[in-house]
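Data first, discussion second: the structure below is written as structure tokens.
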Amino acid sequence: MLITGTFLDEITADIPHQNWGEKEWDREFATMKMAGIDTVIMIRCGNQRFITYPSEYLMEKRGAYRPPLDLVDIFLRLADKYSIDFYFGLYDGGCMRKAWFVGSLMSEVDDCKFVAEEVWKRYGHHKSFKGWYLNHEIGIGDGELYILDERTEYDRIIGNFVKEISGGLPTIISPYISGSKAQANPLDITAHDKLWNRVLSTLQGAVDIVAFQDGHCEYDELEDYIKVNKALADKYGMTSWTNCESFDRDMPIRFLPIKWEKMRLKLEAAEKTGIEKAITFEFSHFMSPHSMYSSAHGLFDRYMEYREEVLKRS
Amino acid sequence: MLITGTFLDEITADIPHQNWGEKEWDREFATMKMAGIDTVIMIRCGNQRFITYPSEYLMEKRGAYRPPLDLVDIFLRLADKYSIDFYFGLYDGGCMRKAWFVGSLMSEVDDCKFVAEEVWKRYGHHKSFKGWYLNHEIGIGDGELYILDERTEYDRIIGNFVKEISGGLPTIISPYISGSKAQANPLDITAHDKLWNRVLSTLQGAVDIVAFQDGHCEYDELEDYIKVNKALADKYGMTSWTNCESFDRDMPIRFLPIKWEKMRLKLEAAEKTGIEKAITFEFSHFMSPHSMYSSAHGLFDRYMEYREEVLKRS
Amino acid sequence: MLITGTFLDEITADIPHQNWGEKEWDREFATMKMAGIDTVIMIRCGNQRFITYPSEYLMEKRGAYRPPLDLVDIFLRLADKYSIDFYFGLYDGGCMRKAWFVGSLMSEVDDCKFVAEEVWKRYGHHKSFKGWYLNHEIGIGDGELYILDERTEYDRIIGNFVKEISGGLPTIISPYISGSKAQANPLDITAHDKLWNRVLSTLQGAVDIVAFQDGHCEYDELEDYIKVNKALADKYGMTSWTNCESFDRDMPIRFLPIKWEKMRLKLEAAEKTGIEKAITFEFSHFMSPHSMYSSAHGLFDRYMEYREEVLKRS
């Protein structure tokens, strides 16, 4: 199982900025292509007042700052140039990062729809614009089912909306399981199955691709979780990817590149399940030879050796 | 508005050491010069037992360790060589970093005066020795006005003293505002105005340059704060600079280089106020092509592109 | 006093992975050799389920993951190649990292013995296999003497065992003092002397080399602690080394390379005591020109300049 997709972590929420311009992003796309990546997913187009493209709507209505670069334009031109599929991550109004109260997420629905329409009108013609990423990472971390239900409902509404305006382009979610490494409310396989049956049944038709994050359970429990994830996705007509995280959740500095051994264990677990595709969060900080973290350069070298082995085998 | 000054963060308090010797500092001064920097401010000449130059006084009286390099000598020779103005940051006895009690800061006055005299005698002949930096970063963060008053009084005494011994060389302070990002006691513009009127009226005559840190308020509130700061400084015959922080206060790893977009927003806010000069904390860790943090290299490239634009415009 | 030994921090517990393969380790051993290092100490051969070599025992009995590389094999071949002494760090079952209860460490004795036998059989023929490292870092940090006693007893049992199976190869421990920088229970010199007399008297015969960590006291207290350590070691027929830590315990990001000045202070303190050898935790992250942390490159340059001075003097 090889990594063929990655998030692009712009605008960042908690990952340090690399301060790249177009030249550096061009070099990065060339490297990704060379490493076998055919899919990029912009994690969000804006986080509260910081945005990736000059959205008249967000600048006027939400006090967003005018960005120095139009990253969406750059990413789409580079995706066109390198024949890489681009998925557009929607707007994050910050509700899930700040004080939470019931119903508050729904206040972001209109912003999210406006942004999607604005974006589709402006950038929808790019041949690499292949779909949408519903950017709230849902899960039962908060413990309360009614909160997860609200978030699911939000994704259902938005998923249906963006598909409708774009002629049915596919939508992705990347939720998290609550495995043994979850900070609260770890769910065993049976409880996980039951919970996500509830969520995915709601999302049927609104979500096309489910790419669970693979970092919240023990390495040897992962295969079982992915099997359940895939069975549920199959049941609701969805495609299953795995989001093979390339940062290390086990270390005190949060976050630095993962130990290659751990990433390989996770790829091998995924391979056994027949899942369709592996993406990663994310290449440019944690796996790239151009990352600000030098240990990412080592991870890149190890991964590329492994990739050669795998390609030779097949 | 361009960055034309920077702190030199030696001796460090909370920023990791880069372990540079004279050769590396020479390269750094050459880079700073090339980037348009005409002013460097050594943030402090000593922090408790670690000191930048072999001060007989501090080694004998305060158990300071003999430093392997005389950084003050190196910095002044390089400042002479590159025609850069050097401001000398005074001694930090550690009182503000350890247990605080009323009156304790005053116990450091004598050390600070002795050090200033020792330094002026030893290094005052350098043509680049242009002034003094009063190194305690004052503000109302602690919440108690009598504490801020004590710190202000300390700066008044020391500011007057160092001006007197050096034939009136100018003094700088770099206080912090308590804006909406302050951890405690955020002050609105009116309260900020009132507080700093009190502080700056006390410091009149003892302080020549006020360079508020720009990191504790929202990006779009900054312009208003700087306007108040400038009006107050004007009122008391002081010069206004802005300390445009080049590290990111919004990220979980404290601290890494700032996103260029944010720095540009802050420079543009400052530009609108007619403030005289922008300095940064600080070039060598957060903006330098030689920084230990690679994302600083990106910030440098983005800043230099911006600088070229600005210079072309004017 | 120069650094002539270093830990190899694989498998790591809290230090980020550099993701090096054999090529990178070969380059690293060459650099260490060039820098005067004649001794390497693998800090542990496994930490719970992550292991350095494919131990049939640990994979079968303890669910350890099959490692992608046999690091023990690589390290020993490189140690042979570069004529560097290798000490093997024993297995860490995780008891001291997880919930602690009286007697629990003893449950790891059998695993540790099995692993030692397996390793000796498989790798004992290497000419560079010079001894064993008892990997639990003991000290009174937890405050309770009966806990330290249990850990000491564990080391006594294991130390005797590994010496017996290997024809008496020497064993190392690297405990910590509880000096003024200890988080709890700082001990003054007299109390330190009394405590470690108790510990080392128990370990007589089971431990050959004691290399106290040097990071938990003030820089000017270190000489006195090392003198006590050396006197105690002499009394019980042990050899004294100092573990001169090359990471900085005084900074908020835990951990980055130490300021060279501090490392030099610690080496000079050790030099005055007549101690036999200085090792470091550890070269590859904190002092190496190949470290993921660029400030380690600066530390390497400063250290190498110092080394040249010292060699010239002698």
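Here the chain labels run A, B and C in written order, and each chain numbers its own residues starting at 1.
The criterion applied here is as follows: a residue touches a chain if its C-beta (ideal position, glycine included) is under 8 Å from a C-beta of that chain, and two chains touch if they have at least 3 such contacts.
What you are looking at is a predicted structure, and each value in this text was computed from that prediction instead of being measured.
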Touch graph of the chains shown: is it line, ring, star, complete or other? complete
Give a one-word verdict, same or different, on whether chain A and chain C use largely identical residue numbers at their interface, taking over half shared as same. different
Note to self: chain B rotates onto chain C (CA fit) by an angle, in degrees and to the nearest 5, of 120
Intercentroid distance (Cα basis), chain C paired with chain A, Å: 41
I need the residues of chain A touching at least two other chains; which ones are they? 253, 293-294
Residue numbers of chain C touching chain B in their complex, please. 219-220, 248, 251-253, 256-261, 264-265, 293-295, 298-299, 301-302, 305
So in the complex, the part of chain A that touches chain B is made up of which residues? 12, 14-21, 24, 49-50, 63, 65, 67-68, 253-254, 291-294
